[in-house]
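Working notes, beginning with the structure itself.
Letters A, B, C and D mark the chains in the order given here, with residues in each chain numbered from 1 onward.
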Amino acid sequence: MKYSFNTWAYSDFPCWVPSYPFEETVRRIAKIGYDGLELGCAQPQAWPYYLGREERMQMRRILKEHQLAVSSMLPAPGGGPGGNIASSCEKERCWTVQYWKDCIDLGLEIGDCQTLLCVCGWYSYGTRQKDAWSWAREGITQVAEYAADSGVTLMLEPTACDSNLVESCEDAISMMEEIGMDNVKLMFDTTHALYRNEVPSDYIYQMGKNLKHIHMADYDRKAPGTAGCDFVAIMQALKDVGYEGYVTMENGFPTRACHPDSVARQSLENLKAIEASLK
Amino acid sequence: MKYSFNTWAYSDFPCWVPSYPFEETVRRIAKIGYDGLELGCAQPQAWPYYLGREERMQMRRILKEHQLAVSSMLPAPGGGPGGNIASSCEKERCWTVQYWKDCIDLGLEIGDCQTLLCVCGWYSYGTRQKDAWSWAREGITQVAEYAADSGVTLMLEPTACDSNLVESCEDAISMMEEIGMDNVKLMFDTTHALYRNEVPSDYIYQMGKNLKHIHMADYDRKAPGTAGCDFVAIMQALKDVGYEGYVTMENGFPTRACHPDSVARQSLENLKAIEASLK
Amino acid sequence: MKYSFNTWAYSDFPCWVPSYPFEETVRRIAKIGYDGLELGCAQPQAWPYYLGREERMQMRRILKEHQLAVSSMLPAPGGGPGGNIASSCEKERCWTVQYWKDCIDLGLEIGDCQTLLCVCGWYSYGTRQKDAWSWAREGITQVAEYAADSGVTLMLEPTACDSNLVESCEDAISMMEEIGMDNVKLMFDTTHALYRNEVPSDYIYQMGKNLKHIHMADYDRKAPGTAGCDFVAIMQALKDVGYEGYVTMENGFPTRACHPDSVARQSLENLKAIEASLK
Amino acid sequence: MKYSFNTWAYSDFPCWVPSYPFEETVRRIAKIGYDGLELGCAQPQAWPYYLGREERMQMRRILKEHQLAVSSMLPAPGGGPGGNIASSCEKERCWTVQYWKDCIDLGLEIGDCQTLLCVCGWYSYGTRQKDAWSWAREGITQVAEYAADSGVTLMLEPTACDSNLVESCEDAISMMEEIGMDNVKLMFDTTHALYRNEVPSDYIYQMGKNLKHIHMADYDRKAPGTAGCDFVAIMQALKDVGYEGYVTMENGFPTRACHPDSVARQSLENLKAIEASLK
């Protein structure tokens, strides 16, 4: 299996520190032994609007030098501009659609990345869920049409921990089916399944061939295998369904007390050991 | 004393939900009995770039209708664009300076707000602290010059919880003195003093006449008086130094489990009761 | 306001002990000062299929003697027969529809009860959510048609703690709207709102005039006011929307260590004290 | 030794979710490596009254296909109908006797199961223990007479955690002796021994040759070996007394946060490892 590590733990999102520049982040993740990096599109690594042609070519060189692929691009939701694709504010929805497109372009330019991850938004008090659902569906469709030209696939993620729109495995499947495009598929994050007191491996069997990406995190965003969740069942399920995507860690980031390198190393060691023991 | 409540608990920052539109937020904070609202410049209430002339006039009407003043404007730091005034990335510094200016304008247009709060930034791995300090000083100076024309004052805040540049009372005083402008003053947040295991009331006596704004929060961003910090000493100190600013709550926001109205009400009740009992 | 107490804490559901017969339960709840009793339709108080004409007349006499109204009837979900109105098993759905009808009849016969509470079901692994949703809607509609003849209203409850179908305030509103009958209204239980890290008082404002019943419980099914939830905001919201139903406690039951009388007494004392202090 | 896993963790009892249909449950338990399945007679797997001739034959085929034996049948106690064999309500006792007989028949038809587990009931406030004891003895005797014709044995279980009638090892032995039938034997569940702060292995030596079935669970219904109980002593005792029954896990079920497959796998791995190390 291929392994990737998400940059949030090294970035300003959602904690401002610890924080590492792009090159330092790439160097560390590569050295720990990952095949890929999942790039959170936020400072200080990858806010698209601070990155000109020259900076992007430099990023490409750095990735190549360290032989690290870009497994996936992840727009940053929340914070000042919102980035809520399901917002009742039309300007916010437009901005979000454009931002996601710009994240796609950035991923292509620095690492030929074919994968964009999608948090499907949330609704404020007073907005009807069905309206937010429609806005999300429309916005995602627009981005998917743009993405199709470059062969990029969007991965819909249920995010029950933080949002109230696409919360469950079934919600994500329904959104995918309603959009009905070949380049709109599914991912899930173990954290959100655990938050719902659901069984992460069940998500894998239910999503089956439509599961193209995954986020691995133990309880409290700890490294897999260090906080009580059973990753043997999860890794076995990935093998059972013939999963071909990256095994990506999105760990450690919601606290300043995170030691990114340690989390990255422990995550990789623990999951590789499980992989080696699977039947 | 005048009391104000910060909108983070009602916004998408840093949690996406619960989330309330501007009018609903104003209505609730006014009904609970506050004199002012501290406006976090983030979605869904106040991201300046989604707010045209008409929306701003509507916000002004809403505030007037509910007789709620805008005590202060607070730019949102972190997240996608960073908003780090001390960043080693020049584009980020420029963007941040402009964003802060735009927050000033927004505050003036919707509520004649004379106060801008300033998180003085942080530095990533590999950046020297002294360089970050210089960039922060330069950026803040630029904004202060712009603000001076409208009589707006900048409040420098030590933020040890989240950042690594202006951490202590002394750091904030030094930054203020180095900038040396009449409209650059001080504020502090009890949370950051508690994080450093320092005595909040000491900050008040040390900052003295330069203390123009304050954030009140008990341990873990709980409502004052509900989590163990002694607010009698803090309120007494404010009285002793002749504090004339708003007593502002910045509470409840870092968790989805927050019930904003409850936090707002308890904060106000508890501090008003202490105020009434002061000698 | 009128207050009612749910019998689970005195019954075999879901804990087998402590357990009290019907008359003893009525006597205790009345003595503590409640206006009404919410009858869980389970042993040892009220499994309809063990109660003949004579037993029912006796129950009516007991209630009258103690001047206790039947505020609401609550079918027991889960356990052996399932009682899942959204089940993929047709026999279970039929059984559940009949059981709910029998609960309506029982409530009418013993206390002219006009209120039936509805847990809208859940789906097992392998069942599609949309199918379960349709089955729930159909089953509830059948019961509602039966209920209409007697003037009985069904109250749909979001139950995120225990189920995966109607989880949120919005889910319940959508189900109500899809059914579209005058005698299908809404209720909610603070426990389930807290489980979702949502704001209970928001449920009240959002459900508004359609909110006809409520379950009051603090965190962990503790008595209101004993475990950290703010019931002032909740009681104020009930007053604000002109709530006319019973304030019903569904507390204490999920553990053998429950002392039902104590929970009943503390719940009533705490909420009456808040009611007296409302503006 | 032969190992079996109880279906509660996959069923609606006592939690409604997670929940899996019969075939899915069988497939998973077999794949994990169990020899047998203990069938909880509840939804969605095995409520006898929803299962006609055809469904039962289908269940038989599924079990055969997956080479999984039915180690034992377990009626669901509590909930709506009560199912309390010691109830002061005659109709409930009659219903329970019939339900137990129907569980026996179901077990025979789908898997030639020779074992019925018996929770000996409990008494409500106001009922005398000696009366409840007599009712339990009478009801169990009736079922045992019915069972004898098919060679089925009843296993009496002390259930101190949840009931107040047959609580201890001695209680169960006394009930067995009073009934005095060849097909009424004993079982125990480590959970209930631990609840009484007693030594599980002592139960094994005391029950000796009359011990025909066992439930293995660590503290809090966790998988054996994951929560602090010493299963080496228990497994050694089983070997010492020449135990020939199934080593059955009744784990994970009282919480929605249960991951059934993980509990089943860990339980099996841990006890097999202990078995291999016994002297």
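Assume contacts are C-beta pairs under 8 Å (C-beta built on N, C-alpha and C of every residue); 3 or more make two chains touch, one makes a residue touch a chain.
Bear in mind the structure is a predicted one, so any value in this text is a computation, not a measurement.
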Fraction-based call for subunit D against subunit A, same above half, different below: different
Reference subunit B; chain at largest CA-centroid distance: D
Magnitude of the superposing rotation for subunit A and subunit C (Cα, nearest 5°): 180
Distance from subunit C to subunit A - Cα centre to Cα centre, in angstrom: 40
Where subunit B and subunit C are represented by their mean Cα positions, the distance between them in whole Å: 44
Centre-to-centre distance between subunit D and subunit B (centres being mean Cα positions), rounded to whole Å: 60
Subunit A, residues touching no fewer than two other chains: 123, 125, 164, 198, 202
Pairwise touch network: line, ring, star, complete, or other: other
Inter-chain touch pairs (all): A-B, A-C, A-D, B-C, C-D
Residues of subunit A touching subunit D in the complex: 194, 197-202, 230, 232-233
In the complex, subunit B residues that touch subunit C: 17-18, 255-257, 259-262, 265-266
Parts of subunit C lying in touch with subunit A, wherever the complex brings them together: 123, 125, 128-130, 164, 167-168, 170-171, 174, 196, 198, 202, 206
Touching residues on subunit C, where the partner in the complex is subunit D: 12-21, 24, 41-44, 47, 49-50, 75-84, 87-89, 91-92, 95, 99, 122-126, 161-164, 256
